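Below you will find the structure I want to go over with you.
Every chain is named by a letter (A, B, C and D) in the order it is written, and numbering of its residues begins at 1.
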Amino acid sequence: MTHSIAIIGASGYTGAELVRIIATHPSFEIKALAANSKAGQPMASVFPHLRHLDLPDLVTWEEIDFDQIDLCFCALPHKTSQEVISKLPKSIKIVDLSADFRLRDPAEYEKWYGNPHAAPEIQKEAVYGLTEFYREEIAGARLVAGTGCNAATGQFILRPLISAGVIDLDDIILDLQCGVSGAGRSLKENLLHAELSEGTNAYAVGGTHRHQGEFDQEFSKLAGRAVKVQFTPHLGPFNRGILATCYVKGEADAVLASLQAAYADEPFISVLPKGETPSTHHVRGSNFCHIGVSGDRIPGRAIIVAALDNLCKGSSGQAVQNANLMLGEDERAGLMLAPCFP
Amino acid sequence: MTHSIAIIGASGYTGAELVRIIATHPSFEIKALAANSKAGQPMASVFPHLRHLDLPDLVTWEEIDFDQIDLCFCALPHKTSQEVISKLPKSIKIVDLSADFRLRDPAEYEKWYGNPHAAPEIQKEAVYGLTEFYREEIAGARLVAGTGCNAATGQFILRPLISAGVIDLDDIILDLQCGVSGAGRSLKENLLHAELSEGTNAYAVGGTHRHQGEFDQEFSKLAGRAVKVQFTPHLGPFNRGILATCYVKGEADAVLASLQAAYADEPFISVLPKGETPSTHHVRGSNFCHIGVSGDRIPGRAIIVAALDNLCKGSSGQAVQNANLMLGEDERAGLMLAPCFP
Amino acid sequence: MTHSIAIIGASGYTGAELVRIIATHPSFEIKALAANSKAGQPMASVFPHLRHLDLPDLVTWEEIDFDQIDLCFCALPHKTSQEVISKLPKSIKIVDLSADFRLRDPAEYEKWYGNPHAAPEIQKEAVYGLTEFYREEIAGARLVAGTGCNAATGQFILRPLISAGVIDLDDIILDLQCGVSGAGRSLKENLLHAELSEGTNAYAVGGTHRHQGEFDQEFSKLAGRAVKVQFTPHLGPFNRGILATCYVKGEADAVLASLQAAYADEPFISVLPKGETPSTHHVRGSNFCHIGVSGDRIPGRAIIVAALDNLCKGSSGQAVQNANLMLGEDERAGLMLAPCFP
Amino acid sequence: MTHSIAIIGASGYTGAELVRIIATHPSFEIKALAANSKAGQPMASVFPHLRHLDLPDLVTWEEIDFDQIDLCFCALPHKTSQEVISKLPKSIKIVDLSADFRLRDPAEYEKWYGNPHAAPEIQKEAVYGLTEFYREEIAGARLVAGTGCNAATGQFILRPLISAGVIDLDDIILDLQCGVSGAGRSLKENLLHAELSEGTNAYAVGGTHRHQGEFDQEFSKLAGRAVKVQFTPHLGPFNRGILATCYVKGEADAVLASLQAAYADEPFISVLPKGETPSTHHVRGSNFCHIGVSGDRIPGRAIIVAALDNLCKGSSGQAVQNANLMLGEDERAGLMLAPCFP
């Protein structure tokens, strides 16, 4: 059975990545592509790498005939997303890739994003889209909120450890490098090749990155008490990829066992043999996540490193994985593309 | 119908690219992976990005049970390839990715590669594997010789122009940039990140690159007279991609018309609207080739620019395309992966 | 003797490069830095890599007290530059890095830049700033117009060949790759890391790049007849560097001899032994230019490759070289910084 | 007064960086360059970026006439270095850039490097070359052992904090990214452009990196008790630069004050205003180190980020700084080169 798909916000990188994935998806068909600022243009003029596909031209989202759409991916910036989604027909299934429906508490949303939530009633029905941990809710949901890419990576490391009670909850450090596509196709000086290539820097140091809100919400819910991690992102001179290095107090063997147990049957998450470390090179362009565990020479401390592709497993791949569940398809459909190396 | 596939030379980049493509091919199944220097190792320890696949461990090629193999890709270095292929059972279909069977004249082979050909009798049955121009012969061949990646790019530009008689055959300049994966996974100082990133240089200047032998053979055959192009490759600080900029004497409109006519029905080659120029960014990781034509301000001169991925369309993708033909499958099977951008 | 220097347009890359060079110049002292859009800010907040220097804060150019300035570098965008320079005191020596005073004929300026020249009377006194070929005029000039970075590279290759009469003037192809800093610190989509890294493309194909105006002017003057080269620039995924590959009809030995003769005593231009090719890696961050000559296998054809750093020898280094001459200093002062490799 | 300099191990990156720095040093003159595997070659054939310099050809170190040498830089691999240095005349001042004389305790050396120390008697006179903290001893030393590049970076962050007693000594995490030149000009698969560009990975996870030996030695000596930090290096896709992100338990204001006090008069180390974070982009090619301090949202925790160039301040620049002291020159001589950005 073929499902009719619309993508709103098709002129950004996550929009393009959705199209790239759906291009070889066995049962999704793209019926509408919306990007209000580029309406009227062919998709190939905005993203020439999609030239070979027979795609509808870009339209405004208001022009989409939603009667013929089964599921809509919304890849708009936060704030815009909630405004648009609140106007979409209630009969449409939606996977939102923005930050707008990730935080259940509207006050938390306002704290991290600076504006009051404009659609708090819709927020109530949103399911948090971390597939591996909300599978059942996602399958029955109308609106799924895709997670932050950094937030997904950190949770793949830490959720099993918190659930298993094998680490000290008050001493968790999550040091992370993210590729530049995580910042989107936005014209900012620090995203220019001349500024960003050939070096690296930290940003949002000290707990100010917005994905902290997701960590707080999810980890505290899981632990039944407040959990605050220390999270420092770095901007690396590469396009795709997140590498998270997590420092915990706990036994490496117990940490490893918890991760192995949690992901034994997961098609997209691999736990490496003890002492091996993953690399973003080996997941680039794919929906896979690799996790490695090492003990430190200081007893009782463990280091966990995770690698995924921020645009794919961290965003658009996750979105398709969720859409597969919502539409009753095999969760893996369209997502078994091998990483592109070198 | 599923075809059983072996890959000899699986520890190099073209070997890994074959596996990446076949991973989502609907009717190819990898039954054996050989790499004599790494025999005994799991493929995932040599190429961790293929960890998610259920692949056979690496063996020596002598260990392969060829009775169960329908087609064998041979991704060995030249010289080694002819030695191995001469020992394979004659019943096996073979796609060779090396330079060993590209040149029909053994004297030309020796001139360009420095050693006498060790299997001239097999050379006779080899078909030159430029799919778009040798489709019928390839479909009926037992042994297909994959083209050089630069040689493919130059021919996609020039064959239709030579055939149509729209350019001066004595004044053709082919200036080309190639990504570093074209040099393979070899430990050479100039391929180190510290040496190669952040700059560029020409090499094999003055007509000494080995792919000239293919240009000479193919263009002269096509023109019915000797044709010598001037060909200068450059090594660019990127992993995948060839961009060829070709300067010819001829009318841009006639050039464009010849290319449009030649590629009107080709699934993998797109001729862009006049004046547009392609980019390697937009074909990376895919089997597509984009070609653009511009006139110069000097009347009677045209510039043609072509972009493809050297590892895919220039090598392993072409090899799968040929294998599809040899095995009676849809030529496009497994090859419609969209480019990975950004 | 110390010379007091002002830099107008200090918030762009050529402005920052001027400061970098002058930082270790023995007799230049920066007295004023102007950038109207960033006036009031310390230079270190605009360019943190200059934090260690004791620099004046940014001001508007109108705020500069020109009575205390000996020489002013003007690193503004074209069009703005002519407007500002026409208002500067006539007593000030000026090195302009923009395109505004490069073309002697105002009609040519308008043809290539699209706007009528606003200061044609000042244009008359401007000297074309290609130091090695206009040394005497530059030493006596009040206003020197820095060349285009691509234009400088092409002229370093071609001027000696045209002067010596060793090449066919009607068949010159200049294929060139330029690093991204050549486009300045401007917020354009194609200059983003995610768009530009890991690939390459041609642009301004067919003779439409503005630096063609300089080639036309200079080569035609030199030859005493109209000379039109075919010039195709490419944008490469590196920050600094121009590599020009030039195809000419002429004997390689004569070409080499002409270049050797022209540059025998030049401190910044090295002609490599025959058959060696330069690399941008080996001139990065320096004022040096390396040139190599090879013959082609087709008799009577030669290929010349030149490498320089577009920001330094192609722009700000050239500007300091000219300023040294204008102020009676050793031409090499401040410019003997070794390239930064790797 | 001019000092005569020899460099042994001139064919590696730190050797080339020494030459780059000395090229504009006011009182150092290179009299001999040794590289046994490349003896007989001109330096320009090994490092073409140094072509403009009038350098002696490479010789074996045994060929150097040490009577005419004031100071010798030894840039050999560890183990080789101790063997060579033990045979050099005792009258010669030496700055060693290898790991061979960093660890005072030969047992510690053997533990971290795997071989017994071959010159323990010379080890006794070696001074640890972290200039800012061993200035007086270095000025009087005959043999100075340059520090590890990572070890220098970590110590610039932590020494003032340990001395001031403002952090918990049992809970220090040092997460670090290093550019690829830190691994030298060695032919290893993971250093190839195709393997390393466009991604990142951790290595030596869990306290196994050899620079831990330096941290243990120095921090324990400083604290008067055993101090073990958790140190995880990552390999980043850039050539030059170390970015260290350090997580401590302590008040950010006290941390900042300690750093400001320690470095108030240091010419090469800048402490940024609170909350600002450094970038390796802004120190590339220079001897400067930038350090920034931020508080975390969790009270009582601070994050310190430091950036320097591993080849310069982390190795060859530090070596020249030490040589300046040993030869009675201004410590800054030759080292005020501004960073090369972009």
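Going forward, a contact is a pair of C-beta atoms (placed from the backbone, for glycine too) under 8 Å apart; a residue touches a chain by one contact, two chains touch by 3 or more.
Here the structure is a predicted model, which means the values were calculated and not measured.
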Count of contact steps on the shortest path from chain A to chain D: 1
Copies chain A and chain B touch via same or different residues, half shared test: same
Label of the chain whose CA centroid is most distant from the centroid of chain C: A
For chain B paired with chain D, centre-to-centre distance based on mean C-alpha positions, whole Å: 45
Whole-Å gap separating chain C and chain D, where each centre is the average of the chain's CA atoms: 36
Of all residues in chain A, the ones touching two or more other chains: 13, 181, 194-198, 237-240, 278-279, 281, 284, 342
Chain D to chain A touching residues, read off their complex: 171, 173, 175, 177, 194-203, 205-208, 212, 228, 230, 232, 234, 236-241, 243, 245, 247, 275, 277-281, 284, 292, 294-298, 301, 303, 305, 307, 342
Footprint of chain C on chain A - complex, ascending: 13, 180-181, 185, 187-189, 191-198, 237-239
Chain D partner contacts - residues on chain C that touch it in the complex: 13, 16, 19-20, 23-24, 47-53, 181, 197-198, 239-240, 267-268, 270, 278-279, 281-286, 288, 290, 311, 336-342
